[in-house]
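Dropping the structures in below, format is structure tokens.
Each of the two complexes below includes chain A, the first together with chain B, the second together with chain C.
And then the complex of A and B:
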């Protein structure tokens, strides 16, 4: 019989898988078809997507292996075990900076699309402010609650995506997908590079590893969690190309949102379905941002254990607000996002890979290794 | 507090005297010589000895005292003359074992026990020269008969409800579960009121941690009186800031029995027909016993309807406000025109209009509850029809707003748990304000806030949002859709019961 594990603050395999999916699905779905269509021709983007997804899965495997090698340890303890305390502190602070900027980017991006699709007169500043307040409330509680929130939110988001796609079936034109395999491999690789960014986010589980109660299943959870966004991206991409064709997709800012725009509710119950789509999309963006914020605090707390969680929240919220308000216009937001993604790949993916390599070479392991 | 405590200490160690008259005097003094404290002195054994019966007239059963005690003693006394001289202990034994035809007779020497027994309605018998007194069970409290619970009426299902007497309630539970593992742990709640509180559960099904936690919390209660189980609920609940009830109250024994079989526990308090079920989850607030009594299709559809009702009760006015003030484009063309035409003469923004109507409706509801039943219905008609109609004609609110408010009100009354309905109504005002400030974005932020709260909330260590989060797919068979009974072979997984199976697979016999 299982122990009564509700009272404690641990998370299980399901929470990890859902968390990975929800963390990864974010802005990616909205812009991915455009960036893919820019790089590749016709519907060949799916090859790039599969390539990019494989890279992400490979790094997912690396991170899961690292977590399994050091069960119940956060990134700081892992790094400390492999190298030394000073390096560990630097790595963790870098990671915190990355997630901190990520929250700012997410907040701003959300305000941006909300302004575009939900209101035209409410200023972005106000939208960001209210979103941050809710974010602060969200991270004020235990991390496990935040991870459980994914279990409610992810199905909602997947349902709305599937709903949008299902209602677009009548517009689907199979001829838009043809011809197949016309892009040369260079462009395919270029496209793949762009898609990799859309899989960023699951690296935060390097910190949540301390809360995971069954480290043995970590690989299954992370890879399974990554498979969901990969599949979603693939289906969405094929639908976008099938409906709009490659040329139109290239010139649309948020092609996925345009899909929602086309939807007409049978019976004319209400119009402008994209507003509903975006309203529900806020849910996944919120959870992505909240988990990143939570990890920022966890990371900072491992390096500076003195201040309370609340102190960190109160101190960080205005800073996030300032960061979110920095980029002027869509181009700058995009560039901001790109830099954060590069930082994420360096700190969140390559660094753990190096760490795993070093750990294997030196033969360092966690106390209770899960095989 | 101090004087009460010293009273307790004094009486807990004090022992009765051999002198009967002194004992009577003592208990009279202790209770302040009340007029309802009756003393009847009877002689035993042909006048050789006398004994005194002391009881409170309103709490004891006169018929039992007359027929089963006094008459039996007198009858015995007639034949007692030929009896040899007996010493005191033999007389006591004789009285207890041969004379009195009452089921509950115990010996006591401590004043604390004796006074307590008298206050509960038992009769105390002091025998001249004896070290012990006899406490005879004569409690008889005028009790309401078992009726159908007025707050939780069902179309199909047992028509019995709890009463104010805890023994009756225990009996009602026992009558439905004749299991040797059914446990009743009793507590005394209230430093002055000394009410009986009973924690019941089925050992072997419930997870022991829940019982331990419940016992720990019950033992922490220190209050002079708990007039209703609501006091207990508020004392032991997990979060007093949450709008959601963390213990479910019910008047229905069948609901409690079903909860016990699911691995939950229940608390019953003397003096109230409302039992508390713990732990409670969000889903339990939306379920009704009838979901199980009706066939599964009906049960599932009605349950689905209730989920819709929850959604409407929480968000419908907010969505109306958001659409009218922010996202007019989302309203279908023709409807937008009719709304615009209806709102033509209304001088207020949609929020004010909505708050006005919702406020009026809450007032009407409150007035309807307080007034006597026939007048309450009149108020409903006057309020609902007359005020609604007049408000529209006066151009204060638009007719569509009246529809919105009415549908919302009906939905919030479709939620089986009364206190959950209140929680949703409270939150509705918050969502309306959020919608007024940020439109649909505000509504989704409120939804996120409520979700965070629900995920964080716990009831006796059980996550309030289970089996949604943490997820237990097996329990989804009895969540939104209620599967046929033959499929519900397991007890809820999220309760982590010690005994998992409740039926054979698909009803097949072994």
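And then the complex of A and C:
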């Protein structure tokens, strides 16, 4: 161990693993149980979840391999090494568009749920505005600081999620999980397709690769980081079904939030436990959105290196706000999210897979292979 | 930038900060009307009559400190009617100084008339939809008017709702209370395809009674009430017995058997999906609580006789309620459909529309009840009556 570990602006294996987990755990925890229960019967959704998770792990492997092949290089340099400069610029700008829209979506989604459960009368416009201001402050610093923040936030988030589940154990009814294995494979695959979206986010490490000081451990870090959300989703799903049953889960917009709401701690003081749950959950969304925002700026800076980081932040903030305010109502927010997810899978997963394939075929490698 | 200008700017920003970071949703706790319980009755011309029980905090303070205003009422009931409950709740803001705040609503009482006319889905929608509500609130069906129950003057607890709430937690001591049906659970009943039972609440003078249950069919209409004994039999079927007491006759004198634990296991033959056959095995363990008889409880033979007596008693109770549910109410509130859904999914999918609707398979199916009792302790003495020669 170095005597002054955090003196540089690099990130290690732990930061990557935590960053991947925190980036992936987002809205999924709240909405995944419902979308899974809708598409599968009884408690069979876990099979879909495992299938979807495996797909995500496969792409995690692809992205980690790509990063290891081109150590210390960002997506632009990788693409340039495999193809040419023009293609690289197009790819990076597309990626920036995706993460940019992603920030807008996160902001709006957060405002929407906060309004429903926390602030009944605060307009969404105001919630979005304040969230964006904090985001801007968050990304104003160096990326490594943002990534290190995950080390504090992720344990807190996992703790609160597990805490909510633990306090719901008295309501857990094993009979709700039965019957097992009754969904046909078509619906299982359908469900799996839906769950894949919940694992989006870790592709941003294609950019953070430039900061990583031990590229050799990348695979371990990414796959380990993905295992945490997969496990969390599995436990949350099983608990939600075990407590509410399949029918109620289908008909509840945010089943996990309802779990938090029905917790009753004797003594009266903590009767509104969900407010603590939401507070911490906003924290993880903040980090997710901040990392996406940060990557947007990094991506744009590699293509247009002239403007300063602050200039980009100030220029992007109003645009993000406009994007966030576009969807009208929950259905449009959902559809917006779906489109972004498709874009994310195309740009963040399939494209790197193609890149890796091309790199292998043409035998292109990063110059400083060992480190 | 001069120092003065910089300071002025800093000051301006600070002031702005104070203005911006105000809490939009702040409501002073003094301005909230805390609702602890609600009752819903049928009003005139198809309206709903909604009653909220508000806490009067100042009176509560007096009560707990043992002084203050001993005569002051600790609660206030406000009733309003409307075509929808939301509208009715809004109307209340015209009549109370503090608008209703439902985060602490513990109890929802629905009147029998509404339940029988199948309005329970409409009535409860608001209570699960509104994010201010909690799924842990308990739902009960009142025999008679619902709002009268909120007017009871309890002597141990300070609020009528506290009294009702605490009583509903007593299935540990009484076999004839069905476990509380929380709003979340009822939401589930309403979405799923089977009958169910919700605790009944009734009133005698200044007391409430929670013994009994309201039975609903899969059409979500209330079919009728079960009395205390039938409810305990229903609890044996559902496996929700926590404790109980049974009086059995041994040589025309009463012996009381205290049920300490009971479990039930269902098995079914579904070879003919149109006529499933069920066997319900109930295992009961317990003690002798009281004996007026001269029988010798240290004699293994006598113990077997007592156990057998208990078996028959429970069996009779269970067949009784089964008959009522199958023939009279035609509603499966004892969980047979759940069992089919969990363990014979394909069969259940085929027949679920004919279970208590259509072909009425539930009313026709055969159910065998087997009870097996184990007596553990006879108490500290053998008898209080000399053996008759």
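As a working rule, the second predicted complex is superposed on the first by the 364 of 371 C-alpha atoms of A that agree within 3 Å, B and C clash if a C-alpha of one lies under 4 Å from a C-alpha of the other, contacts with A are read in each partner's own complex, and residues count from 1 in each chain.
Here is the rule we use: contacts are C-beta pairs under 8 Å (C-beta built on N, C-alpha and C of every residue); 3 or more make two chains touch, one makes a residue touch a chain.
Predicted, not measured: the structure shown is a model, and the values here were computed from it.
Of the two partner chains, chain B is the only one touched by A:14; chain C is not. By the touch criterion defined above, A:182 lies against chain C but remains apart from chain B after alignment on the C-alpha atoms of chain A. Within the superposed three-chain model, A:262 lies in touch with chain C and out of touch with chain B [touch as defined at top].
Of the two partner chains placed by the overlay, neither chain B nor chain C lies in contact with A:365.
Of the two partner chains placed by superposition, chain B and chain C are both touched by A:272. In the superposed pair of complexes, A:125 makes contact with neither chain B nor chain C. In the superposition on chain A, A:116 contacts chain C only, with no contact to chain B. When chain A is checked against chain B and against chain C, the one touching more of its residues turns out to be B.
Once chain A of one complex is fitted onto chain A of the other, the partner contacts of A:332 are absent, as it touches neither chain B nor chain C. By the touch criterion stated above, A:283 is placed in contact with chain B alone, chain C being left untouched. When both complexes are aligned on chain A by C-alpha atoms, chain A residues 118-119, 122, 126, 130, 271-272 touch chain B in the first and chain C in the second.
If you check the complex, the residues on chain B that touch chain A are 207, 209, 323, 326-327, 329-333, 437-445, 447-449, 451-452, 455-456, 458, 461-463, 465, 468-471, 496, 498.
Residues 1-2, 4, 6-7, 12, 14-15, 18, 114, 118-119, 122, 126-127, 130-131, 134, 137-138, 141-142, 145-146, 148-153, 268-272, 275-276, 279-280, 282-283, 286 of chain A are the ones touching chain B in the complex. For chain C in complex with chain A, the touching residues are 20, 24-25, 103-104, 131-132, 134-136, 182, 184, 187-188, 191-192, 338, 341-343, 345-346. Per the touch definition, chain A reaches chain C in the complex via residues 42, 116-123, 126, 130, 171, 175, 178-179, 182, 244-245, 247-248, 250-251, 258, 261-262, 264, 271-272.
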